[in-house]
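When the chains are written out, they are named A, B, C, D, E and F in that same order, and each has its own residue count from 1.
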């Protein structure tokens, strides 16, 4: 079944990629261990500067081992955040790609359901907290409260 | 200096709580192992029906052991999703309370920074994917691609 | 204690209002039957053009009787939508002013709770529908289904 | 014309529904007086726990008569809020299904236009109030102001 | 390739347009110097009142020369804002139509990339500022700081 | 009066800044030509890795001359986008800081009003386009249409 959405600029094919772009494409495939370049990166490649900036940040945040960084979160937790944010923003491309990443990491459909259950719950309570303009708690700080 | 945030309805105090509400307040303190009733629940108590509904769902999702449910996610991961959603929505009350929950669960400031780094990154890429109307990937499915 | 919210431009006082602005201020008080000019309009008055444009549209939509228009919705329903939208967007000023409008129209705290309960519910289900990328229903259209 | 969107998990068919799920499906059709199970619920059924939780809350909020609750809002007003929230969030599935519900309840196209006119207006004013960081009104409380 | 999205109400064709609507359609084509009436306006025409209100405001804001207004911003900057807002909200129709407007005004793909790079960056930093609940700066005001 | 906003983590003071952080702080002041380090960066400094990543991207996008990049947009347009995005997201800190940047660049209150007028207008039309699920235009492509 065909996708209806069409990008507003022309994605950069392998053939049309200048060396700077080709280098990033190769790094994406190597770092992510995938055999194709996702459309997201082909579209960003319209601006090689932006491609490098966004890929550089995503690589450092989501593939810390590739840059010698130690992350306090594991890969599954990071992708769970990606799905929670994408569902909250309603970003179709992002929901699709990060759910695929969760499935590749071994999360079951039940696990995905749990991620979305929590995401959904807090979209609900966020609207209540904002809708009532609820005041922040001043938490007891006397010894013994914990 | 102008007024800070004040809830649009009167929160329900312990003294004013009817039995149904008092029962939920007690359950909140027992389930969450806290010594006070957060403002969120005092405000929701304006409607005892809604208090029960929202607390019932939050208890089942966020405190599965209290209802005999086994969750595929652990408590820390669930609170991380709560912070990611609340930061994305810009809900001040929610950011405050769920960050406090993360801290209570032992997450360091560096860990919180990592949660927000990932949250921030995907708010960024969501805007790019939507701003370019990027088409979903049709992923290779030939054997060996995985 | 740090500063609370302060507008980024100087609101226009009655004394400083040029005739075009004063005319809108008077119309706002007369149309809304209030004795003060809300801060929202004093700030918009920085640009008399924009003040007229936004007030003109709001008057036509929210006070149809003032422009000889017949609305298919009543005033309470229109203000309920205002609160639902403002809670969803997390707009503090808007939640405060439109909740005050609901209270002025006689809606009880229980009624406000119901508005926010529905608002909150659909922020929750919206996140689920987007988080799963659920396909639109193709509804049965055979005779008798209705 | 085919839908482009494809859910990220497999919706649960009637044949594959375990008894807990089948019971909710039957309750949905009976409560909503419809002859089919909307995709939303078939997808949620991936997690029977979440299906029960979300349906339980939606039933209590949107079909109060089915649980012996008296709502301060009527069914049309509740669906109007659903459309206002869904339009604000840009949730395609939700806009479609709740607009269909409004049409089933007899709202004309002019009525739908009015709902969206109000929704649209307040998305506009929300952005202004936030964009200027407008301070909440301190309303006169002297006798006679009302 | 067919579009999957279908409007929830019937767009108004030229043949079905009553005189008020036909007049707005003609003004849209003349003001925007285009040979067709975009779907957005055909759908809004379901309510001639709303069509006139929204077109009147858009014409005054986006085509100031047509109403004898002098705008402090040029046409390109105004359309850039439109794309930034639409990308942030994830509005597919709006991203498509305002990107087309940017292209018609001569902005290159590299220019569009820059608009989205800035838009994306601030969606990222917005999430950080909200996620940490960062306090507004109290800026130095001593003489010489500037 | 309840508490105003307080960051959820402790901002890093000059005294507590390790060398990596101090270097970024110095670069921020030099690049932005300001005499203080905004709270945003002091809070991000909780994670020196993230501080470097976010500052690196912001510097490249918003201060292209500092990295030898030529941007197709000027500094004023870039800050206008920042305000448009921040107003749309309702980010208080961001609205404050980027409006201050606009004022420093010489934009008058009338200019700020125009930025928010356009921002507000498109938040309004975005909600309409999403609320009606309006189909993308298939634009005429015959020669002469242009």
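As a working rule, contacts are C-beta pairs under 8 Å (C-beta built on N, C-alpha and C of every residue); 3 or more make two chains touch, one makes a residue touch a chain.
Given the structure is predicted, the values throughout are model-derived calculations rather than measurements.
Considering every other chain in turn, the ones in contact with both subunit B and subunit D prove to be A, C, E, F.
Set against the Cα centre of subunit C, the chain with the most distant centre is A. When the CA atoms of subunit B are superposed on subunit C, the rotation angle comes to 120 degrees (nearest 5).
Computed centre separation for the pair subunit C/subunit E is 21 angstrom, with centres defined by C-alpha atoms. For this pair, subunit B with subunit E, the centres built from the Cα atoms lie 33 Å apart.
Residue positions of subunit C touching 2 or more other chains, listed in rising order: 2-6, 8-9, 44, 53-54, 57, 61, 86, 88-92, 95-96, 100, 110, 114-117, 119-121, 123-126, 128, 130, 132-133. Contacts between chains leave no pair untouched here, as each chain touches all the others. Residues 1-5, 8-10, 44, 46-47, 50, 53-54, 89-91 of subunit C are the ones that touch subunit F when the two sit in their complex. Residues of subunit B that touch subunit F in their complex: 1, 3-6, 90, 92, 95-96, 99-100, 109-110, 112-114, 116-117, 120, 127. Residue ranges of subunit E in contact with subunit F, taken from their complex: 3, 5-9, 35-36, 38-40, 43-44, 54, 57-58, 61-62, 71-73, 77-78, 80-82, 84-86, 88-89, 91-94, 96-98, 100, 107-108, 110-111, 114-115, 117-119, 121-126, 128-130, 132-137, 139-140, 145. The part of subunit F that touches subunit D in the complex is made up of residues 83, 86-92, 95-96, 115-116, 119-121, 123-128, 130-133.
The part of subunit C that touches subunit E in the complex is made up of residues 2-3, 49, 53-54, 56-57, 60-61, 69.
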